[in-house]
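Each of the two complexes below includes chain A, the first together with chain B, the second together with chain C.
Let's look at the complex of A and B:
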């Protein structure tokens, strides 16, 4: 019996993951407890919950591993700031204070805040953590492994071979040449928040044509050997904390979009932004495919495990499958920095403790790895809060919810343990009928209060996806965790079909989520299509809900019609009893 | 008191890591700057632990 805890944080997306004999038993992002989106603190609450869930104390944990090496990051920061002095002076002053008062002392903070013996604290490498999170969580004995993100300590892109002997580093691209940071610079240029709005660039890209590819390639320059360079005259992320692009980028592409301004793709200006987003997306995909070709040639393997924030780009994932050399692709649900916590724990278990892999039992038991609340607790809460509710027999929940959806209601759906990763996969979801064309605007405007151009995903019963979507071979696992975009081959689902005729698909297996599968099956019986619109249960700018209290608070602030909390059904109108 | 001493000793361990990092990267020119900054960091974190001084630390810098 051996417990290993992996931690990430102090930049963004802090998280804790607990392994028991090499299997994940609990995994949660700190934001689900703190309600601070992309929480950048130490994952104290997530850690406490992981230990409580397993019924252990910190004394039972063999190793606690931090997902990166802070001092090497500090070294990179200093080298970069010195090289760019004096224009980096402002970033140096502010960044250094943060380092000197917090980030340098991660080990002391873990010891003090979490009660860990100093000798038990280990540090993995940032990209090694990402690579471990992809490879050791995968069901493959051998695979090529690619990690791509903004930057870790120094590496921004790393190539590995994963096999029985562990992870072997084959090559890496170092800061400041970074696909992730260039994508983020364009995210800022297009008026979105860095480290949060990258999804919006992906969504905006569907409205445009990639007519600025040549210009974007002046920024992210492909090399003949498959790698890439960044022309640093267009970006400023290596010396500025406030701005990630320079005036020269605006001279190249025109004025940047003002943050928070409206986006209308039918106007010339809106079309230009969409075209730039499409061009950035295309150049990113081309760069990834070029690197994948190199990795395939180096390893000769037909499976690719992908990790790092860029692996959450579901459009690029499709490009890797359809245009790249690999037969199949694996991405674990929290491919970004939160997943580094999982990788740090898995790296410790396999490469520090020397435990061999056993592929007979999945490392990840399913997407629901977070906290759950039982029906008795939920019932007591609703009674205490005097919220009118109906208690359903457990076997009628799916039938009743399906009827609500088909009748045009929008549901909040809180069932079982909350998901690991940024996607709602039928545990903390907003659900609706995808056949209704008005549903997209209704949910964006009146329920989630977010940009109208942003798309929603369809969930579909496993086995039925081929009727509606063109899923490329080798993308099955990605579709299970909503990490793949697929062309839609029907006109039946206008609310979940994006402007370019694609959808970010979620295929639901009965074994992974029996209740949600039953709901989809019932919707299929009523409508002929086992498909629902599925989006995360949160409002704009907030983390996805985790607890019933959070769900109720979000429900009453939104335009949702009905809330399903376990077997309890709450209606929006007349909900207060007294 | 024992907890504070342990935390302080763990923080001092940063100097060992700093040495190993410099040996690995051969960026010896960074060492003086990093030692000064790490020492400053120790002072800052120490001052932050004093309740009536901590509000001024961020403002001063």
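Let's look at the complex of A and C:
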């Protein structure tokens, strides 16, 4: 019996993951507890919950592993800022202050805040953690492993071979050449928040044509050896803490989009932004495919495990599958920095402690790895808050919810443990009928209060996806965790089909989520299509809800019609008058 | 709104904010939005942690009020900011909440306990209501903003009333000294936190000066060497590394 805890944080997306004998038993991002989106603190509350869930104390934990090497990261920051003297003065002042007062003392903070014995605190490398999260969580004995993100210590892209002997680092691309940071620079240029709005760029790209590919390739330049260079005159992430692109990028592409301004792809200006987004997306895909070719040539393997923030780009994942050399692609649900916590723990279990892999039981039992609340607790809460509600027999929840959806209601759906990763996979979701053309605008404008161009995903019963979507071979696992975009082959779902005729697909297996599968099956019985619109249960700018209290607070501030909290059904109208 | 000696400083400060400094009013609205959202989170945590059903319901209503206020302030800030980039960027970046009571590892309720939490609510809501009265009087010419402040003021009166009533109930139940002590502690902590904030601001300012000197005098000369050391591009082979068990304890 051995417990290992992995931690990430102090940059963005802090998280804690607890392993028991090499299997994940609890995993949660700090934001689900603190309600600070992309919480950058130490994952104290997530850690406490993981231990409580397992019924253990910190004394039972063999090792606590931080997901990166803080001193090497500090070195990179110093070298980079000194090299960019004197324009890096402001970033140096702020960054150094931050490092000297907080980040350099991460070990002391872990010891103090979490009550860990200093000798039990270990440190992985940033990309090693990403690689371990992808390979050791996968069901494959051997695989090529690619990690691509903004930057870790020095590496921005790393190539590994994973096998019985563990992870072997084959090569890496170093800062400041970074696919992730260039994508983020364009995210800022397009008026979105870095480290949050990247998926909005992906959504915006569907409205455009990649007519600025040549210009974007001046920024992210492909190399003959399959790697890439960044022309640093267009970006400033290596010397500025305030701005990630330079005036030269605006000279190249025109004025940047003003943050928070509207986006209308039918106007010339809106079309230009959409075209730039499409071009950035295309160049990113090309760079990924090129580096995947390098990795394939060096490993000769057919399976690719992918991690790092760029692995959450579901459009690029499709490009990797359809244009790349690998037959199969594996990405775990929290592929970004939160997943580094899982990788740090898995690396410790296998490579530091020397435990061999056993592939008979999955390392990840499913995407629902967070906290759950039982019906008795939910019932008491609703009574205390004087919220009128209906208690359903457990076997009627799916039937009743399906009827609500088919009748045009929009549901809040809170069932079981909350998800691991940034996607709502039927545990903390907003659900609706994807056949209704007005549903997309209705949910964006009146329920989630977010940009109208943002798409929604369809959830579909496993086995039925081929009727509606063109899922490329080797992408089955990605579709289970909503990490793959697929062309839609029907006109039946206007609310979940994006402007370019694709959808970010979520395939639901009965074994992974029986209640949600039953709901989809019932919708299929009523409509002939076992498909629902599924989007995360949150409002714009907020983390996905976790607890029933958060769900109720979000529900009563939204335009949702009905809330399913376990076996409890709450209607928006007339259920609560304060 | 009567100007008294007690509220003169805040009145003057508000007058400067709302009337004199261009663009400051929109930024101030954005800050209020953050603060109200943070208060909403504190109240939601209290809903989860209190054991008293009647207070649970009050805290929940209070939380919804605060979160609604956050939205109202955000909308006013957006309406006022127009093309002023800074405030828009702040709003866009802010997401839900940036600070206020959530960077601590314990919720405010758990830190304070029920009695002191109620005292905290009462003291801070009372103070907030007084401030909003001043703002409303200074912004009376703007009908939409005046209406917003009026709506918020109504909610604040409810928050003040229920927290005071609960403190009175506790006092009548024999805990008068405890209630008085809790209110005193909240007021004292408020003053202490103001002092800490000023000290931190000063410390940050001084640290900024010293770091700038360090940067120019000590690090500047190394910039030539550092520039020459830009890593070669492309896929580079990994540097030799110790075995995992050996390097796991190293922070570098």
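Keep this in mind: the second predicted complex is superposed on the first by the 576 of 578 C-alpha atoms of A that agree within 3 Å, B and C clash if a C-alpha of one lies under 4 Å from a C-alpha of the other, contacts with A are read in each partner's own complex, and residues count from 1 in each chain.
One rule holds in what follows: a contact is a pair of C-beta atoms (placed from the backbone, for glycine too) under 8 Å apart; a residue touches a chain by one contact, two chains touch by 3 or more.
Nothing here was measured: the structure is a model prediction, and the numbers come from that model.
Trainee: Between chain B (first) and chain C (second), which, if any, makes contact with A:75: first, second, both or neither?
Mentor: Both chain B and chain C are touched by A:75.
Trainee: Contact-wise, after the overlay, does A:83 reach chain B, chain C, both or neither (first, second, both, neither)?
Mentor: In the superposition, A:83 contacts chain C only.
Trainee: Could you say whether A:266 touches chain B, chain C, both of them, or neither, answering first, second, both or neither?
Mentor: Once the two structures are laid over each other on A, A:266 reaches no partner at all.
Trainee: Kindly classify A:107 by the partners it touches after superposition: chain B alone (first), chain C alone (second), both, or neither?
Mentor: both
Trainee: Check the residue A:93 against both partner chains and state whether it touches chain B (first), chain C (second), both, or neither.
Mentor: Touch partners of A:93: chain B and chain C.
Trainee: Given the superposition on chain A, which partner contacts more residues in chain A: chain B or chain C?
Mentor: Counting residues of chain A touched by each partner, the higher count goes to C.
Trainee: Tell me which partner A:573 touches in the superposition: chain B (first), chain C (second), both or neither.
Mentor: neither
Trainee: Do chain B and chain C land on any of the same chain A residues, and which?
Mentor: Shared contact residues on chain A: 71-72, 75, 78-79, 82, 93, 96-97, 107.
Trainee: Show me the residue ranges of chain C that touch chain A in the complex, using the header's touch definition.
Mentor: 40-41, 44, 47-48, 53, 56-57, 60-61, 63-64, 67-68, 71, 78, 83, 85, 88-89, 91-98, 102-103, 105, 204, 207-208, 211-212, 215-216, 219-220, 222-223, 226-227, 229-231, 233-238, 241, 244-245, 248-252
Trainee: Using the touch definition from the top, list the residues of chain A that touch chain B in their complex.
Mentor: Touch residues, chain A against chain B: 71-72, 74-75, 78-79, 82, 93, 96-97, 99-101, 104-105, 107-108, 111-112, 118.
Trainee: What residues on chain A touch chain C, complex-wise?
Mentor: 34-38, 41-42, 44-45, 65, 69-72, 75, 78-86, 89, 92-93, 96-97, 106-107, 113, 122-124, 154, 157, 159, 166, 169-175, 177, 191-193, 196, 223, 225-227, 229, 258-261, 291, 294, 347-348, 351-352, 354, 381, 383-386, 541-543, 547, 549-550, 552-553, 556-557, 578
Trainee: Which stretch or stretches of chain B touch chain A in the complex?
Mentor: 3, 6-7, 9-11, 13-14, 17-18, 21, 25, 27, 30, 33-34, 37-38, 40-41, 44-45, 48, 57-58, 61
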